[in-house]
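Got a structure here, written out as structure tokens. Questions coming.
Every chain is named by a letter (A, B, C and D) in the order it is written, and numbering of its residues begins at 1.
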Amino acid sequence: MLLDITARLDYTLNAPSDILLQLEAAPLPDQRLIDPQIWTSPLDHFRRIPAEENIGDRVWVRGEGRFTCDYKSRVEVTREALDLAKLEQNPVHELPGDTIKYLMPSRFCPSDEFQSFVAAEFGTVSGGKRIVAIRDWIAEHFSYVPGSSNAQTSASDSFIQRQGICRDYAHVMITLARAGAIPARFASVYAPDVDPPDFHAVAEIYLGGAWHLVDATLMAKADEMAMIGVGRDAADVAFMTTFGMANFQDQSVEVRRVDDA
Amino acid sequence: MLLDITARLDYTLNAPSDILLQLEAAPLPDQRLIDPQIWTSPLDHFRRIPAEENIGDRVWVRGEGRFTCDYKSRVEVTREALDLAKLEQNPVHELPGDTIKYLMPSRFCPSDEFQSFVAAEFGTVSGGKRIVAIRDWIAEHFSYVPGSSNAQTSASDSFIQRQGICRDYAHVMITLARAGAIPARFASVYAPDVDPPDFHAVAEIYLGGAWHLVDATLMAKADEMAMIGVGRDAADVAFMTTFGMANFQDQSVEVRRVDDA
Amino acid sequence: MLLDITARLDYTLNAPSDILLQLEAAPLPDQRLIDPQIWTSPLDHFRRIPAEENIGDRVWVRGEGRFTCDYKSRVEVTREALDLAKLEQNPVHELPGDTIKYLMPSRFCPSDEFQSFVAAEFGTVSGGKRIVAIRDWIAEHFSYVPGSSNAQTSASDSFIQRQGICRDYAHVMITLARAGAIPARFASVYAPDVDPPDFHAVAEIYLGGAWHLVDATLMAKADEMAMIGVGRDAADVAFMTTFGMANFQDQSVEVRRVDDA
Amino acid sequence: MLLDITARLDYTLNAPSDILLQLEAAPLPDQRLIDPQIWTSPLDHFRRIPAEENIGDRVWVRGEGRFTCDYKSRVEVTREALDLAKLEQNPVHELPGDTIKYLMPSRFCPSDEFQSFVAAEFGTVSGGKRIVAIRDWIAEHFSYVPGSSNAQTSASDSFIQRQGICRDYAHVMITLARAGAIPARFASVYAPDVDPPDFHAVAEIYLGGAWHLVDATLMAKADEMAMIGVGRDAADVAFMTTFGMANFQDQSVEVRRVDDA
């Protein structure tokens, strides 16, 4: 599977500001970058640092006035789409040390509040079957409504309001998985078919000894996503975090299957 | 500085349960363990895994019925108590990659909500002076009231209620530091003079290229604490996380300066 | 239906404190008080004022040191238990002015957040059928767990945690009714069969031109409750609100059907 | 003081919808309406009902498609601007029954959380001096930032974020007054000098046996406001509450001192 990705950010910075960017597809065993390019308006500072779990990079930039960032890459995705329902749940006491943090509640995923709900609603199945049940429950009970949430919206808010965007679906998926003792993290990705086109976000779930991408919006498939980065939740992998004040001018994302072109 | 530490947990498990323990002082360059011992009631399973940032261990145990855990160690602390006010703030764009996550909001530390407050209240000072100002502001405005908070209490709740215990003081300290673009994490520690005696918690702040322990309750000093572990907030470094139902029977913590004995 | 009610409060006040009491059954067309009595430890002040909607009284008392209050009454309840499912929903634009406030969100009943959920889950039925569906949904999905909630717990918290006590069941019931455009308020009551025995709380719902008591815990029936008072939620009809610091010593409530005696 | 008020709402209703309007200045002893007029696009239903505390009216309308409402009135305000600082606090146990509800927390004013803060920050003054201290503290510590809050923002959110619009200033003012045992409610008003021009909101505080308008934004004076209505908080006195889906087209408010004309 080949994807052609382009993204553009266009902002105005009223004062010299630091910005943390994370919008490049990560080089990974199951996704290969072909001719990746990133270029920006003139900046005072541009520095790469490894992102969470050494998946991809964050980039610190510093500038003032008009700030634009253009990114393009072709990505060859060789990840296979597994049958989630067949994956076994790892007993918690056998989980690797570096997955434990993804059992814990985070800013937008207060999984500690949801244990009774998960036990009652999904307690009869485990492992991949539980994850499929949670994913399908969300897909059935939630409405995808652009504009219905904001940067402060938590999985608790979304669970009550029964609506949101990809970020909110991912937060609820992660929260319910953790409340069911399955490690889960947030993955920022590019995917075709996202409507309206934008950066996309999904859950990544630890089952059968490996991490698996799961999209509760059902818009994207694991073998058609290019991963940007991971973290506990959206707080960790925003495509742009500003230390200062950035005024939005324009933004666009395009992801095409090369076959489609 | 030599500390003698003993801790005891005593719980009843109604059904076979997994428990994640993190209560042993960590071996670190600035704290040396002397004859550490941990023993438990008979268990089905006991496995060590490295804890967050490879500071100390977590222990998975699995058992049923009466569960007791006894821990004792002497710890030689060689950490120096620095003058925080002299430490420089690292420009965010020069921060190491592995400190970035500690700029981000977490379950109990929603720092994204506090940027205006921090800018208004502490905006005229930076670096160590800002941290001292935040610490002293908390110490002045909060009351230490055992029983006034619970396991769900966030730094937002505490900031409004102006009371809490060590965990809540640490959460507010961390939240305000992050909102001021200074990396901050939660440290679980043993310290003498904690009243009533218990596991203690403080903030750890990244300044001048290193991490520094800061206690907004003013009960403990950096050169008299034995660190157990670190994490984003209390969710990461509970001394005991139960997957199942544990009924409290008894618990005790004692920390003595050896000179005092 | 005759009920014999006794209640006793026993507290210690460290300093002169004002207390607002509301624990007497209200005289109402469908409940008649027989020999009601209330007596307290010596007080500086005792004043009755009408409670919300002129249903029952609040009593201001002021005192210091040991504070006890004993209440007893026989109450003849002549309220009929209607078949809720047959009641019609009043179109909102025909609702009387004094019911409008009970469509609005309140401290513990943030009904503004639940409109999508109610439309999706209960949108196909209206009026009494909707209320029965909501009541039965709560009864099915929630667990009655004394100690699982506290005085700050909102219907949002309970909706997520799926557990609580009578107060929490009533808050969720009220919240979902309001989100479905049916006026709903909180009623503090005495009822037999409450287990453990205590002050009880239920929802009161406006349907077919009148208010109807509905208990989502299913422990109490409308024709076996003695109403104390009503309000927007528990904030309005606490049996005791202290302006100062009251230390709990003891408290008891007993409600018996006279036929049982 | 003569004010000339005009307001216009312009919305589109996709389906037959019920709307609750409350945007007319109320006839009151200290404000006299001169030639009030309200007219709307063609409607299926138009019904007046008394609003909270019988101050002004709510209007139920029902329609579909384009919905416009125009309101104009001259209002003669004879209210005097008192020196708040001279007003005495009523002891809670002498408060009239119909003010008690305004001591209680409400949807956007969770005053139960703020008792420690108010005792610590404003505990040395009482009555009007306390209200002036709270008002000035808010005015000093908050920034008026249109767009920084939304319809779900509570006084807790605003207290943390230190910014908001008139509604948020009023909510914080009310919350802190109630936490200090002074009855406080929300008043929707028209006032000149509001910038940008819009419906305005202030607190109304019960002191010295009467209600007094207090604007923590300092934009409006009690003797220059035309009151629309009152309630526990913004939930009770929205100028427009829609049962259904209304799409905003346009809205304008103009308030002029007649002397200025």
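Miscellaneous remarks
The criterion applied here is as follows: a residue touches a chain if its C-beta (ideal position, glycine included) is under 8 Å from a C-beta of that chain, and two chains touch if they have at least 3 such contacts.
What you see is a predicted model; the values in this text were computed from it and never measured.
Steps from chain C to chain D, taking the shortest chain of touch contacts, total 1. Considering the contact criterion stated above, no chain is in touch with chain A and with chain C alike. The two sequence copies chain B and chain D touch through a face in which the numbers common to both exceed half of the numbers used overall.
Computed from the mean C-alpha positions, the centre of chain B lies at a distance of 42 Å from the centre of chain C. With each centre defined as the average position of its C-alpha atoms, the distance from chain B to chain D rounds to 44 Å. Work out the mean CA point of chain A and of chain B, and you get 29 Å between them.
Annotation for chain D: residues touching 2 or more other chains are 113.
Taken chain by chain, the contacts form a single closed ring in which each chain touches exactly two others.
Chains touching one another form the pairs A-B, A-C, B-D, C-D. Every residue of chain D that touches chain C in the complex is listed here, in rising order: 18, 20, 45, 47, 49-52, 58, 60-62, 91-97, 100-101, 104-107, 109-110, 112-113, 151-152, 181, 231-232, 235-236, 243.
Contacts from chain A toward chain C in the complex involve residues 113-114, 116-117, 120, 141, 143, 156-157, 159-163.
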